[in-house]
Amino acid sequence: MVDNNHQVKHQQTSPEWGPTAWTHLSTVRTQSPLIQCITNFVSMDLMANTLLSAGASPAMIHSLQEIPDFTPRAAALCVNVGTLTAEWLPAMRAAAEAAGRAGKPWVLDPVAAGVSGFRLEACRELVGMRPTVVRGNGSEILALANASVGPSKGVDSSHESTDAVEAAKSLAKSSGCIVAVSGAVDFVTDGQRVVGAQNGVAMMQKITATGCSVTALIAAFVAIDPLHAFEATATALSIFGIAGEIGMDMAKGPASLRVHLIDSLYGLDQDTVVRRVNIISFS
Amino acid sequence: MVDNNHQVKHQQTSPEWGPTAWTHLSTVRTQSPLIQCITNFVSMDLMANTLLSAGASPAMIHSLQEIPDFTPRAAALCVNVGTLTAEWLPAMRAAAEAAGRAGKPWVLDPVAAGVSGFRLEACRELVGMRPTVVRGNGSEILALANASVGPSKGVDSSHESTDAVEAAKSLAKSSGCIVAVSGAVDFVTDGQRVVGAQNGVAMMQKITATGCSVTALIAAFVAIDPLHAFEATATALSIFGIAGEIGMDMAKGPASLRVHLIDSLYGLDQDTVVRRVNIISFS
Amino acid sequence: MVDNNHQVKHQQTSPEWGPTAWTHLSTVRTQSPLIQCITNFVSMDLMANTLLSAGASPAMIHSLQEIPDFTPRAAALCVNVGTLTAEWLPAMRAAAEAAGRAGKPWVLDPVAAGVSGFRLEACRELVGMRPTVVRGNGSEILALANASVGPSKGVDSSHESTDAVEAAKSLAKSSGCIVAVSGAVDFVTDGQRVVGAQNGVAMMQKITATGCSVTALIAAFVAIDPLHAFEATATALSIFGIAGEIGMDMAKGPASLRVHLIDSLYGLDQDTVVRRVNIISFS
């Protein structure tokens, strides 16, 4: 499934991923971490509902005036540049800085990083503020790693996630962040290790803001296990994918999949999670 | 169900609430009042769909330039500070003033009032402009009544509605507004009277913007019965709760509940409303 | 169905409309045109999901800084003034200009054009920049054609589409745009020809942003057949209506209709499209 040109080799599934994923999900449900989201207008509804269904407490708060009071009290921060304008950047910077100063994890979603010079520069500046995790699709991670405005296709990826694994490793090394690349397989790397979360269904890409929403879910998982951000990123991707798989059994198209995905995320039990988590290590 | 420490005592359900609720809903359907909503980005979709399903005509118009032309023509105004920034405040103020001057009812949703000094001050200023109704969760009403930035949990309440009944009465007295506190029971008070609307299901709190949306529904109900804002507030809360109860019979989780709630609100008939309304007076 | 006062006479359905509509839809699916949307906050979610379900690639990008880089790369542009403020107008102007300069089609949705002088002036200015297509409801097209702030009812139409056919023809002639008027019948005119797309169900008007979303779908259809914008506008309206009709068979109210509409749009096959397209020419 992974191109050998990328020097990643198949390994055995570790038996611990299932229980780890369950521990993460059940801890989110118990602790209900407060997740501040500075995100794009398209994603706000699905992102908030994803977090609520997982057991977290979302707060879409992006006012510059509130960040000093609010960000240090959040358990984690999610920054998403989807509908970026110059007016929103200062709040993103301020919140990232406040989270960093308070020792809180934060996650960056560099939506459409390569579609304009303005956006690429903004994303690179935010990566320079050292988010805990960066999650994007193949085109976004390639644009970030190569610092190039490319012939990318808006917000949808024109690259397979496998094409971006080396770029992700390189970005992780240079930035110090965990980097996740979403696609048919979701790869997660810290620059050394690479794992692939192989849950999910293709139709999830036909629902707007699923990528944004799983980034917020990563923030919630990292919030409750900040010392294992690499593992929390992989389990969040896997859990969201499992919810999509179960939802797909009932779906008749993208809109009913969206409904069933959220319902399934809400209803996931230990047995299902442990049995279905499909995370594979590459070396 | 209500803590005795709050000096509220159980009373009999008044037999008139069911017919009153039906009269309100059917009048909204007939008159289709135009409701101007200046609300947060997360809630716009569900709020507009809630109003449409109830028979009202929503208009999300927040431009300062349009308020002089538009607000006096609306039947009521709903102001919600969920994603407040300094840039949006002037339009909220101007619309509240225009509604007041035109003798139109307006309703305030002080989302997350206690999470920052900026937000608390803005909410208190808006309360000072004397909305017809203020609806919040327990934490929000406590923050407003006590004028304190508290250890609240973002936009979700960390207090039961019962904990905030006395604060609501006190806020109603000092402000001259009807005050509603949402929770397991939704309390409504004018400072003297207290009623509890006991419809609804817990899972509604797992859907983002249900609180915002019921505030808009209150605006629609008050629009068609402005001389009985207290009663209209209680019936709107009850009607929305009934739609949730019926939706819950079909729901498999929060996302399908959201769908079924709106469908049910659209389809409510007289018999169902009269039979299920559960509003109790306390003294 | 059409008032004779408007000098439109019933004619036979042309047998080519069904195959033309299918060609348009299947080409959108194959080419996946990138559609830039500068739209209102309420509609972003449904609009993006409509475009994705039809096979197009939506990008909600409205930053002034990104337009020079991005707009020329999009296949078409959709401008919607639903939640207009003075701050958003410059980006709308700049994107319209960039699309025009790059020879890309663009479509205007003059939401609530008649509710304020500010909005009417903005819409008229945008119409003056010569969009390929203008789509509105009866009240909006009348306001634009008559240049009058009327007693319109917010964003919902207080006129039947039939009332606005002559205004649409006149607006098409004076502006050089294709003009579409949505309603029980959706009329499309280039100032000479008039066709009526008779698909769709009434309940679609109880779902917020269906009008906005079909405008975006028109942009996608015009993107892949820019030399036949008149035909592409009619087929987009018809296809969206068919999705609503099929969705209605499963719907229990507006919220489930919304889900089934998007699912149905995603799943439409050639036979269904050819059989159900109902477009009639008037002379």
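Think of it as A, B and C in the order they're written, each chain with its own count starting at 1.
Operating definition for what follows: contacts are C-beta pairs under 8 Å (C-beta built on N, C-alpha and C of every residue); 3 or more make two chains touch, one makes a residue touch a chain.
No experiment lies behind these values; they were computed from the predicted model shown.
Engineer: Count the residue numbers both subunit A and subunit C use at their shared interface, divide by all numbers used there, and answer same if that is over half, different if under half.
Structural biologist: The interface of subunit A with subunit C is built from mostly unshared positions.
Engineer: Could you work out the angle of the rotation that brings the CA atoms of subunit A onto the matching CA atoms of subunit B, rounded to the nearest 5 degrees?
Structural biologist: It works out to 120 degrees.
Engineer: In angstrom, rounded to a whole number, how far apart do the mean CA points of subunit A and subunit C lie?
Structural biologist: Their C-alpha centroids are separated by 34 Å.
Engineer: So which bits of subunit C are touching at least two other chains?
Structural biologist: In subunit C, 41, 45, 87, 258-259 touch at least two other chains.
Engineer: Can you list the subunit C residues touching subunit A in their complex?
Structural biologist: Listed in rising order, the residues are 32, 34, 36, 41, 44-45, 48-49, 52-53, 57-66, 69-70, 73-74, 87, 258-267.
Engineer: With touch defined as at the start, can you tell me which subunit A residues reach subunit C in the complex?
Structural biologist: Those in contact with subunit C are residues 40-42, 45-46, 82-87, 112, 115-119, 149, 151, 153-156, 206-209, 251-256, 258-259.
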